[in-house]
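Chain naming follows the written order as A, B, C and D, and within any one chain the residues start at number 1.
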Amino acid sequence: MATATKNKSTKKVDFDKIRKDFPLLKREMNGKPIVFLDSAASSQKPNYVLRAMDHYYKKLHANVHRGVYQLSQEATDAFEKSRRLVKEFINAPSEKECIFVRGTTEGINLVASTYGRKNLEAGDEVLISTMEHHSNIVPWQMVCEEKGAHLKVVPINEDGEMIMSEFDKLLTDKTKIVSINHISNALGTINPIREVIAKAHAKGIPVMIDGAQAIPHLKVDVQELDVDFYTFSGHKMCGPTGIGILYGKAELLNAMPPYHGGGEMIETVTFEKTTYNTLPHKFEAGTPDIAGVVGIGAAVEYMQKIGHEAIVQHEHELLEYATTELKKIDGLRIVGEAKEKASVVSFLLGNSHPYDVGTILDKLGIAVRTGHHCTQPLMARFGIPGTVRASFAFYNNKEDVDKLVEGVKRAARMLG
Amino acid sequence: MTINEIQDEIIEEFAFFDDWMEKYEYIIDLGKSLPLIDPKYKDEAHLIKGCQSQVWLHAANEGKQVDFTADSDAIITKGIIALLVRVLSGQPAEAVAQSDLYFIDKIGLKEHLSPTRSNGLVSMVKQMKMYGVAMA
Amino acid sequence: MATATKNKSTKKVDFDKIRKDFPLLKREMNGKPIVFLDSAASSQKPNYVLRAMDHYYKKLHANVHRGVYQLSQEATDAFEKSRRLVKEFINAPSEKECIFVRGTTEGINLVASTYGRKNLEAGDEVLISTMEHHSNIVPWQMVCEEKGAHLKVVPINEDGEMIMSEFDKLLTDKTKIVSINHISNALGTINPIREVIAKAHAKGIPVMIDGAQAIPHLKVDVQELDVDFYTFSGHKMCGPTGIGILYGKAELLNAMPPYHGGGEMIETVTFEKTTYNTLPHKFEAGTPDIAGVVGIGAAVEYMQKIGHEAIVQHEHELLEYATTELKKIDGLRIVGEAKEKASVVSFLLGNSHPYDVGTILDKLGIAVRTGHHCTQPLMARFGIPGTVRASFAFYNNKEDVDKLVEGVKRAARMLG
Amino acid sequence: MTINEIQDEIIEEFAFFDDWMEKYEYIIDLGKSLPLIDPKYKDEAHLIKGCQSQVWLHAANEGKQVDFTADSDAIITKGIIALLVRVLSGQPAEAVAQSDLYFIDKIGLKEHLSPTRSNGLVSMVKQMKMYGVAMA
């Protein structure tokens, strides 16, 4: 990795230099240098990751596993090296517990359709929160409907925090699994997942955490969390699209029925009886996204070189600064003011529709997301059609915030 | 005036604007003008769902011509709707059905009618033409 | 596309020049220039495809759909352009019928777990052939087991061809779907899918075709075939890993329950009731592999520039030449001698284990696949543990065949 | 001789080979020698499944030492097995358990013991050491 500094934690990381690793940030949008504030939807990619994938295709590509020839071995080595990197990244006990999936959505669907379908019965309950992404609602709705089970929802307060006393009440003997996001993509709320996991485990209930928004920002240690399933997407953490991770405890994964049928996931196939392969292959049917896996490995290396401590601090500064400055704007209302928050600011500007604000910001070269952010029930909870959401990554800087604030003021004048 | 005459008129008007700001201020002004639709039509039946903004459309048949009224919860969308209504409302149904709305592109608002922008406008234009077909 | 010739059909395509489009073919393996004969497992990638993906990440990347800002629109346009290219490539009636999946394995699993789970009842039958890839066996076994339905298998003759009189007998009123590969990856047999489809349709039974091995070699026209489902992988047709296509008739896809739950695939979500989006989004939950989609679009463009006619002819020449030359080797036995064959040669050398032959070829820089090729029941049918398989793509040439033949002779001497 | 003495001996032998051909011819010759296992042990219970080739392994406990016999359906795999048996068979159980099989790498056969090559050899070495542990 060329430009990320070697100093892991204590010394200062040069984020101006790091920004130069991201080629897309050099482009313009509507004739203005782009201000990219939509990393919560998908992050940009550093050259290091792009080069790793290009190198893979130009020097190493062959289908993985089982090939006796050198090239196939090299491809497999690159592939399995990434699994090792991911294992270390989240401190999983074993590589076997790190399954490659397309992304968070597939990770949750995999668990809902194997663990869920196997363990849910009529009258059972799945516990989620009001602030879940559709990806952590719909898969559970589907399996609940099939099994006659029920979806229970932990309400939130005005600041966008889960009401833990309600959680306590909703966590009952009927609960078969709890599935909560680590960080809300729409509000930025960092949920108290340690407490959630401890309380659920006290009743012997497993917990799945949707880590899509947490992994790009926080250090995640699945052993320390003692979480049962944890899933995230590569494309939100500087990695390629189309690849993500499902971590699961081996004990649970082993007891689950397989997911997809196909090559790789079998031990022996006869037309009468098929026996399944061991972990992680049992859940990885078919040719995997080998280049994507190499890419997510490179993304892990890249982020680790920078270090989570420096990232957390830098992003926190941006969040504080943006929150303070935006609040000075007349009529601007921030949606989601949890005490524990990641670098996401959702807001509404007077009575203006988010679409209008987003459109004007776009014309100014500022990329923000507008709408319901795939959290319609959450928007319904606040009685709003959507928000304008600015999300910051470590490659953003204060200048980006200044431009955003300027832009919002301009929008306020035009729409007001 | 025919559909194309109105389109050309709009293109001419927009030629006066020096930059996107003036253009959008004008569209926003259009959007702020009085409601474009009878409130009773702002219901599910007349709703065209967009992921970003909602659009309501009502079509009335006056002889051989179609009268459109419409609205949106987003003001820029509403401003563009005002332009669309100005071009297509009161026109012969057949002309609506066959219309080629080139003015959108010419005045630089093409992106708002991208099928992927999901503000309901593409569906609305489609729906307007379908009324044209149905009422012709 | 730089070097592929512009002449589509009649004029001669310069395959020597085309070979230079593939950077990996310039590398060595075990100190010798690589002879890559494992394209049936996964093809190599031309610079054109790699550049398209790199360009996407460096200039266009943002999450697709619903973004109001310019960059997101451009990313979405690139994404949907690929769908259009794919639609034209297979002559689908509509883009809506072209669903992006991870690959063939996911395509079949999707249909088995939605169409299959909805339509199969106890006692019903799914009809496949003896020469299916595990990916076209296991998903059906899984759903059959769940529903109490049965897997029926069309036998093959010694040459590796489906016995159509047996097919006729096995196609009954109990058959709910027929799923057959277009070309066998282990034998190279081109199956008579037109006849299969016509006969199944005469009884009102839908047909799924596993096109993984056909798409890289033949012109496929789904309308002309009147096929109900057709699926294939990008990585076998010069595209990236992790992306593939499921074509399905809109009528069938619309009647199917959704597959994964999540973002993109919904219209509205409340905790009480979720309504699903229209095609193709209904089956594309979550952030898609955007760069992969861009890559498969570029692969389609690349292959179309060369033209299927030229590809078919070039590969047929290689197949004929390799077959003739290999047969001259004492004790060599070709497995799979169908009259209609694609550029795959599976063989056994005397009593030598395929692993031994493959190992020696590897040392000579020749990459072939050895083993059961994910077709264990087929190997069982022939009573063999596996084969050595050489597969040719349009970037191979006669020199590659010569080296293979030399290498096999060397292996015969060493092992004999 | 100890495990390491035998390993060093093998490394020395292989040093004579000029190229991979000679080395493989030697391994193939080893593979062709008489069966290394009593046929009655070539059953499911003694099978180590590999995707590419199969391996059968039997361990007998003679006092404090372990005697291995083994076989494979692939001749190169069998040749390598012959080397492994030569190194580990007849050794004290504890030495087997703790052995570090560096000769594989030194004689350039590392790739055959890659966990992804799936010829059963990795599992076999693991199994041999486990017998060492169990019988120590």
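A few comments on the model shown:
Note that a residue touches a chain if its C-beta (ideal position, glycine included) is under 8 Å from a C-beta of that chain, and two chains touch if they have at least 3 such contacts.
Because the structure is predicted, anything quoted here is derived from the model rather than measured.
Using the average of C-alpha coordinates as each chain's centre, D ends up farthest from chain A. Mean C-alpha position of chain C lies 39 Å from that of chain D. In terms of their C-alpha centroids, the spacing between chain B and chain C amounts to 46 Å.
Distance from the chain B centre to the chain D centre is 79 Å, each centre being the mean of its Cα atoms. Looking at chain B, residues 51-52, 119 sit in touch with two or more other chains. Contact with two or more other chains is made by residues 30, 66, 68, 70, 268, 355, 359, 370-371 of chain C. Chain pairs that touch one another are A-B, A-C, A-D, B-C, C-D.
Remark: chain D residues 20-21, 24-25, 28, 51-54, 73-77, 112, 119 touch chain C in the complex.
Across the complex, chain D is touched by residues 64-66, 68, 70, 73, 76-77, 80, 267 of chain A. Listing the residues of chain C that touch chain A in their complex gives 23-24, 27, 29-30, 34, 36, 38, 41-42, 44-45, 50, 53-54, 57-63, 66-72, 102-106, 108-109, 112-113, 133-135, 137-142, 151, 153, 233, 235, 240-243, 258, 260-263, 265-266, 268-271, 274, 285-292, 355, 358-359, 361-362, 366-371, 374, 376-377, 380.
Chain contact summary for the complex, chain A toward chain B: residues 30, 352-356, 358-360, 363, 370-372, 385-386, 414-415.
Of all residues in chain B, those touching chain C in their complex are 49, 51-52, 111, 114-119.
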